[in-house]
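The structure appears below as structure tokens.
We just call them A, B, C and D in the order they show up, numbering each chain from 1.
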């Protein structure tokens, strides 16, 4: 337990040191990675721990983002309440989607979540008057302030991202080590067995999906605040695939895997997009290679070879 | 003519069979008995190549077959009646038979011969297999396997859940085939069914050979039945 | 009437595409997320072949009709052999792998074919007027209004699709190959125990599935244009069709394709296309949640 | 209703298509008893206990447990009321280690600090003889050890009623002896319903035996009575 906590605190400390040392370009990128890693952590709660593969997580990210952005833009909410509204929207959406989608299993669940996400994306386009559709909108600076913190400045942005990241990471550690968290793993491993140990597997799955929505929404809302832009592309199919990719690459069912996966893929895609327009090719190749050769992801590999204790 | 020696096999990490030996000769009926989960069905699947043994040999007519591609094994002339029959449920009786005939490219003569053995099937050619009664389904499963004109036939618990009249028909079929020189491995739980047809009985416990007796030995001293399967 | 023909063209192409998806799912239990990309590939190959053959559009079209399904099918067979077989057709892993394949195909085409939409000329394209009945002052009269016309090519698409569908139906229900496919679909292990080479059957089915999508694309490409992102819509619509028609049911697939293809035109008269799409996707999600066997399928025990 | 009965079924019936797997079964089990349920393959034993635990729903009839009607409760609620079930076909969490498997079974109704739960889990592992394997991944264990783990998971729930579905299947001779010893030990505080094929185990453990054939109870009595029963012999050995 202490070893675990120490490892996670060390990761956080390392990220703080990076804040002091990184050049401007990477400083901004790492801030982005930390926010997106929260999205990956949320995805991991559902996929990695509970074994449910969703193909529609963009809808929760977007719900957080638009919940925040629209309430700030059109209802004149201040940053903090708008942020909370974003999280609330995503969490509530995840709960409702869960009530319906969890009636299906396996491939059915994947397709239902894909369909819901598609409907969500189209809904954003449909209300283009408010959402400005594909084009999206830029948040005003008043929506990016809290007290005397200005989230549009690089330093504040990095530290805010780090705060969010640290909070999410520690919360996740807490969740997966809780009684309920272990039941999630039991559901992933053998749902019938979990049920016959007296656990309500349905409510466990709903709990995992709702939490997953909360993390994803927090990530989406923060992204809007820290980078000042809200757009429909964040609700489209690739943003449902990305968290899956990040989690698979890093290692599903581990607390730090999604972080590693997000950082690795982010830089890989970043590099590839400098070379070619067809940078999504990297995503495709990685997905195929991972399923063929490293089904446990990077951390899964490390875990099974060297250090079983990593959570 | 069919011989398993030193078979270790299972599903993934779960080993079910340990150093298992079985053999059957031309015109001989070997009954395999054992409690649920002893590994009888796994042994049959290993013969058919549906499970790759981790070690050990399956030999058929002096030829090692355990490394062959699974779909080539039935073509050698090994017929299989799986547990639970496993008919192609949405196909008709005629189509199920057609699949059996395809396996070794047998023609109309074989088909007629098989349908002669089971006249009930001839009346129901156009019916879907899952609309047949339990006994008719077992007949179809048998007919489908006989379409291969097999030299070895594997029957996995054919009498399970059947009425006495049907078990008698199966017994007759087994004896007829034995008379034609077919080697038969019969997995069976019912002592009476075994007594009626067996030449030898192999008892399996926990995936291992527990004992093998000839039917003469068992007539003299039936205690192995009780010891390995019965009450 | 005009909407009817447009709808039929949509339905024709859609039923071919969806049939490919349905066949792969039915026999192999694999959800091929890259199916739309095989459609796209068909269209791109059609353009490429037509350009290569040059001046005579009819010749180019026929060449494309042959080449596209063969090339798309071969790519699919190779994928099956290199990837799907190795992950043992595990449902979750195949979905992830085919998502990967989707991007690989799409982005490879982007790199070679480029980001522009390119047209393919139809082999023949005579305008045909359609008769119309109207109640005029002089009572009911039959006339040929100028605006109401279609092209011979569109009629050809419908006829070709019907011919192909009949062929597939014939193969599935009347030939040995069809029997083998159906037996494998019902119980692959027992099929193996009766000498059916299940691995080869899977590769073949995956190839046929891709080839069907490619043929559909060749048929539609003179009406639409070839573009590297054109795979998304047919994929989504095929999903919808297969789900509504019942997963793995051929008859259901064709009926559902007709409904979706026809209603696409009609719904958009009343609603904006976006709203229609939102409603369609939600409807499909609900069908999956409450009637997973589809509207026309029967539950398998 | 007899107040001494922990479990009772009345006219319990289950059809599968045209087949009646469990047919009008009236069954009762006294608090503290060790009962064996035997019968030939396909007699409906596993279906019967599946109805009791709620894995499958009854077509008709009533089930009561600890004086309450549980006929329409979902499985997890029945388990939470004090049933423990071990599967015939080993059902464990294959990618977790032995300790985590048992820990998951123990944690649901455990009150007290984590440290106590930890030592309780260790004690259960010790009891079934798996303590040395506690950090091994469950899926990698030998089959016999997986069976023991399955039993450990049943015990760890500290159920009022422990239903064991063919627990000795796949155990070696010595392990079977240990198993019988273990059952005698826990039977002081737990009622036990045992589906079993191994007659030595049945005869030496059970206080009373119920015999099923073709979905019906055909005999019930002490081990001696059952051994002497004609109908039972016929059902087993065929007629």
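Operating definition for what follows: contacts are C-beta pairs under 8 Å (C-beta built on N, C-alpha and C of every residue); 3 or more make two chains touch, one makes a residue touch a chain.
Please read these numbers as outputs of a predicted model, since none were measured by experiment.
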Listing by label each chain that touches chain A and chain C gives none
Would you mind checking which chain's C-alpha centre is most distant from the centre of chain B?
-> A
Would you kindly tell me how far, in whole Å, the mean C-alpha position of chain D lies from that of chain B?
-> 32
Quick one: report the Å distance separating chain C from chain D, using the average Cα coordinate of each chain.
-> 52
Averaged over CA atoms, how far is the centre of chain B from the centre of chain C? Could you give it in whole Å?
-> 44
Chain centre separation in whole Å, for chain B relative to chain A (CA means) = 54
Contacts with two or more other chains, residues of chain C listed in rising order | none
Touching pairs of chains in this structure are A-C, A-D, B-C, B-D
Which positions of chain B touch chain C when the two form their complex?
-> 48-50, 69-72, 74-75, 80, 82, 86, 88-91, 95, 98-100, 102-104, 144, 148
The answer for chain A against chain C in the complex is residues 53, 55, 100-101, 103-104, 106-108, 110-112, 115-116, 118-119, 122-123, 125-126, 237, 241, 244, 248, 276-281, 283-292, 295
What does chain B use to touch chain D in their complex?
-> 10, 12-16, 35-37, 160-161, 164, 189-193, 206, 225-226, 230-231
Provide the residue numbers of chain D that touch chain A in the complex, in ascending order.
-> 53, 55, 74-77, 79-80, 85, 87, 91-96, 100, 103-105, 107-109, 135, 153, 157
Using the touch definition up top, name the residues of chain D that touch chain B in the complex.
-> 38, 40-42, 88-90, 139-140, 142-144, 146, 166, 169-172, 197-199, 227, 232-233, 236-239
